[in-house]
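Both complexes shown next keep chain A, but they swap its partner, so chain B is in the first and chain C is in the second.
Showing the complex of A and B:
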């Protein structure tokens, strides 16, 4: 048996708070104090990559440049993820609140929300709320302004450096790292870029105190997380759950009784087959996720799932680096050939090697993570891919 | 083809003439005219004092900044896994039947374009489509017929 937690619903992200009070409290705090609280809470980035938020703020705060930025990454494009849209729709003031707190911590006066083009319909409402928000923080004494930038339908712009390029009016092609955003981000200025949910969580940590948050979750995955649940489930939607549960517990709650696999973390995440449900923890000690949880029952062909993901990556690869551009095309062609019987099933082993090479040689997270889904689906559902 | 006229100037006055103004300007043109013509992109290049190749380079990177002719209503059908599992093909077929065009095409009266797109973030209410910026979710072929009929009357 694994030492896991029960499945517990949490109400933190959507909990109503008096924003002005929280921000007044934050206004009285020093940069060091805010960073210390966020570090103590154990909060890791909620966009998927899981970098400790407090550290990101600490590194950006340490930069000497007087011009710094806080960027909110609302370019939610991972297949199966829709929590950031819901958060912005329901509690945008808390997203803005998190940005002000982050800005105080790192010493920024400017904030940018990069909203994916697919969510443009939300913009008029979000701008109205922003106007009120600006008035409110001015009364407290903050010198901080937020602007919106819109995406135009490119998954890769969720990658932080591609997002900066896009804000700067360029093609959304990821940059070489280092330098990291904390020293050279948007407009090549020190930048802390955080996911929508991360910012809201940070505000709630200041509100409730880091100890309260730290009590939730496990050693490696502190706190709670908003999950986007879809696929073969009677209850699709948004659910905030404490971290540390197994896939089995998740399936017990959300499955339709016939779940054969769960894709954790979207197309760039991992496929967990039924036999591994009980031994796999959802979180950084097991399978990490930016929130995307897709359930598949036994009526689904995992070949179709894999094919769909590979088509997605082949289209969304920015094309800048060869391992990713050509790799995605060849993986897609490769599984099609095996399916048609044009190549022997052992060709799949060659394709896995290619996916591993992409992990090492690709420039950014897109190419590096194609192999996650590829390997976990091919290894666990080999027969479905071949026959 | 449309005449871009004063629009580029208006948008540049609003968003500025920096390189970072390029995206909002291009998005503004697409919002009005649904796609970018060569003429419009050259106009933007002049206004921002950058090369037309730079403008095209940025525009051609982004799926929503179309550089080929699009209708007044651009329909994007989500084809990513959950929508695909929950009946995306039925939605696509009824749209093709109603509009008498295939994916990637525009009706001859330039009213509708039919495209497929990657995940638009409505997996819990699949299948979903976008018509310009508006999402329509939990679709059935019947619902699609009603929605398109409404657009045809506009």
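Showing the complex of A and C:
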């Protein structure tokens, strides 16, 4: 039995707050106090990977190097995710607010927003708001500056270390880890890199107190989350929901009555078939997501869905490590051959094993997560892949 | 010290050691591919993955530093399966025409396949999905993208060791490839043809352009007189491709093998190395005289050596404003070529049009150098074909020669004599040492003030070496040098050449004479030398070079009887008009990308 929550809409991310008041409150707190609050809130990274934000800040704060960075990952590239765009468009001041709070917690003097190249159209407005923000914190007497850096369209540059390389003007390729960003991030300096939504959430935690946030969600998935709902739904868009609901509850709210599968977490996430809707919780105890929720109804071919994802990965792998570069091509070409009847259907078993290897042997999260979509679609919709 | 367990065996290593290196301490072998001892860690190929207890994924042992209490397993089922998959994946994107491939049995991917991926192929052949091309534009090497497995050793070599970046990674995903500026052919980019990438490529994606068949054709042509010269660095490395350990000198056997192969005259580049010293040494002293005694502002100091064709192309591309600083001397190979079809032809009464001049070099850039349009001062192409050390080894095998049991023999006379000074051309600092042995004696009438003539300050593997030689007791002609401190520097590997050039450009270089070799360790580490290469191997070859020098009776270039003879009979004196016609050259400014 799952102890899931009801589907509850929340208004936290877009809630209007007096930024100056929140920041004044934050600046009165010690670094340890901010980190303690964020830790207590149970906030995990909202980009998808779900690393506890408080821990990330704690590790970065513990570094001795006087030059540290807070980087906002706004390279929202996961297929089906568009919540960061909305957040930046509507409440950029809260993103900046989250950054300055993080900066004061970790001891950074510089912030960088790495903005997805396709979001360039937002930039004039974002810079205007940034100017006001810089003025505001100067009034409070806090020394901190944010700069923008634009991506050029590569999905991989959303991977934190590839993002650093990109900022540094290098080819956007993930680094070997360790060292982790908290000790060697952008310009090889201690860096906390956080998603847009994470930073806003952190600001709201400081505003409302960690207990308020902690009361939302489940043990493993505290708080609320902004979802990007798309696909076969009568109500596509951005929705902020309390964590802990099942896919069934989600489908009841957003489905078109004929939902056969939901892709949770985008191309690198998991495909949940109808039979598992009721037993699957959206969150870290079930299927985690950076926000992408794509609904498919019975008119959709899951072969096409899979093919589309694999084409995406084949292109968007940076190409440096073998399992990802070659594995993605093999998965795509392999399902094509099976579909055409040029390879036996049992070849899918070999491909599943390959996906498992990619999961454990790839250099970064991209290659490691290709197997998620592949496995969950092939295993749940084998018929559709073969015939 | 950090304590960890690998396959349940305890080992203590320095912090910062990689898991791969720690395993080596225990004599546990972990297979690798993109890893190379001369290059930075990449962690790309993933062949070296191992299991760490408690870790979510496997870890790349080459890229992961040890941590206290770490428990590593290198041979679990999980590791074996992943490794097999990875090798299979590499094979699936690699055009496996192994039996026909130049790198057959010398290919690192092939060895891995042999160990981990024999039997039925699992995955689809991806080569037909790509539109691969073979770039044959360079006279020195070929780049076959269909055999490239993207380990990026070549890219790291070009960037880290050579500071050129003629090749770089382009595109992403399935389109990722190793490419040049705007995808231009390799003949039209900043590439110096040094061949260091060729030397480190684990597959047949980068190989030298071979001229073996053309040389055989010439040998079997009864009309032709085929002359071969062998560079100093070849004799201390050829053995490695014929079953000897690194550092084994095989000079005498090599000469016999060349005769058995059918070369009509077996001569020595060392002869023209000695000649180079006479020409270059004289040029240096003349420059110093004009600059220091006559105050001629047009004379450029420091003077740079010009033996290394990779270095020449580097300066032509990257620092063209300093071309006047280059010695105008041709390299020993090209001096030899110009004389083979003039002096040698006259002496031997052979029609020069019937002479085919072949050189065996540790170098791929020499193939390019031989093709340069200015290298035709004999009225013919001075050097017809350049073979690498590796190609000579192939020819020896093709000829069915039992190399190990060959008797030693000596080079032919006329352009076959050499001195120890010429031999050390093969090692970094060697040209400098040879030049100093002669120049000092010209100026002072005495030998250089070093025990056994070994000028140790210019020896060794440091990237940039500096030395100062105080000149005292000058002969009357050189009085202006009395008490002067001659400052010299030596760089090997173009990344080090670049360090010197940056200072020269800034105007902070104090040197009078600078020796630069494009390859790490000098010619013994050349791009045409046997594969593999590493610091240890290069050191052994250098030891062999110096031991060859010590075993020579004559150790100063100006004492070479063939050199004395050629000046008497043919050239007059160093830097004479005849010498300038045949032995000197000019340079060309090139684009910097």
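Please note the rule applied: the second predicted complex is superposed on the first by the 386 of 387 C-alpha atoms of A that agree within 3 Å, B and C clash if a C-alpha of one lies under 4 Å from a C-alpha of the other, contacts with A are read in each partner's own complex, and residues count from 1 in each chain.
What we mean here is this: contacts are C-beta pairs under 8 Å (C-beta built on N, C-alpha and C of every residue); 3 or more make two chains touch, one makes a residue touch a chain.
On a predicted model such as this, the values are computed, not experimentally measured, just so you know.
Participant: Touch check for A:104: first (chain B), second (chain C), both, or neither?
Facilitator: Neither partner.
Participant: Kindly classify A:308 by the partners it touches after superposition: chain B alone (first), chain C alone (second), both, or neither?
Facilitator: A:308: touches chain B, not chain C.
Participant: Which holds for A:327: it touches chain B only (first), chain C only (second), both, or neither?
Facilitator: second
Participant: For A:300, decide between first (touching chain B), second (touching chain C), both and neither.
Facilitator: Only chain B is touched by A:300; chain C is not.
Participant: In the overlaid three-chain picture, which partner chain does A:316 touch, first (chain B) or second (chain C), both, or neither?
Facilitator: Both: A:316 reaches chain B and chain C.
Participant: On chain A, which partner touches more residues: chain B or chain C?
Facilitator: Looking at chain B versus chain C, the one contacting more residues of chain A is B.
Participant: Of the two partner chains, chain B (first) and chain C (second), which one does A:154 touch, if any: first, second, both, or neither?
Facilitator: Both chain B and chain C are touched by A:154.
Participant: State whether A:37 touches chain B only (first), chain C only (second), both chains, or neither.
Facilitator: In the superposition, A:37 touches no partner, neither chain B nor chain C.
Participant: So, A:171: does it touch chain B (first), chain C (second), both, or neither?
Facilitator: A:171 sits against chain B and chain C alike.
Participant: Could you pull out which residues of chain A sit against chain B in one structure and against chain C in the other?
Facilitator: 154, 171, 173, 315-316, 318
Participant: So in the complex, which bits of chain B are touching chain A?
Facilitator: Within the complex, chain B touches chain A at residues 18-24, 26-27, 30, 57-58, 61-65, 79-82, 84-85, 117-126, 130, 133-135.
Participant: Give the list of chain A residues in touch with chain C in this complex.
Facilitator: Residues 154, 156, 171, 173, 176, 178, 313-323, 325-330, 333-334, 337, 343, 350, 353-354, 357, 359-363, 368.
Participant: Which chain A residues qualify as touching chain B in the complex?
Facilitator: 76-82, 85, 116-121, 149-155, 166-173, 187, 228-232, 236-238, 267, 294, 300, 304-305, 308-309, 312, 315-316, 318
Participant: How about chain C: which of its residues touch chain A in the complex?
Facilitator: It comes out as residues 41-47, 49, 56-58, 60, 63-65, 78, 81-82, 85-86, 89-90, 92-93, 122-124, 126, 129, 149-150, 152, 169, 171-176.
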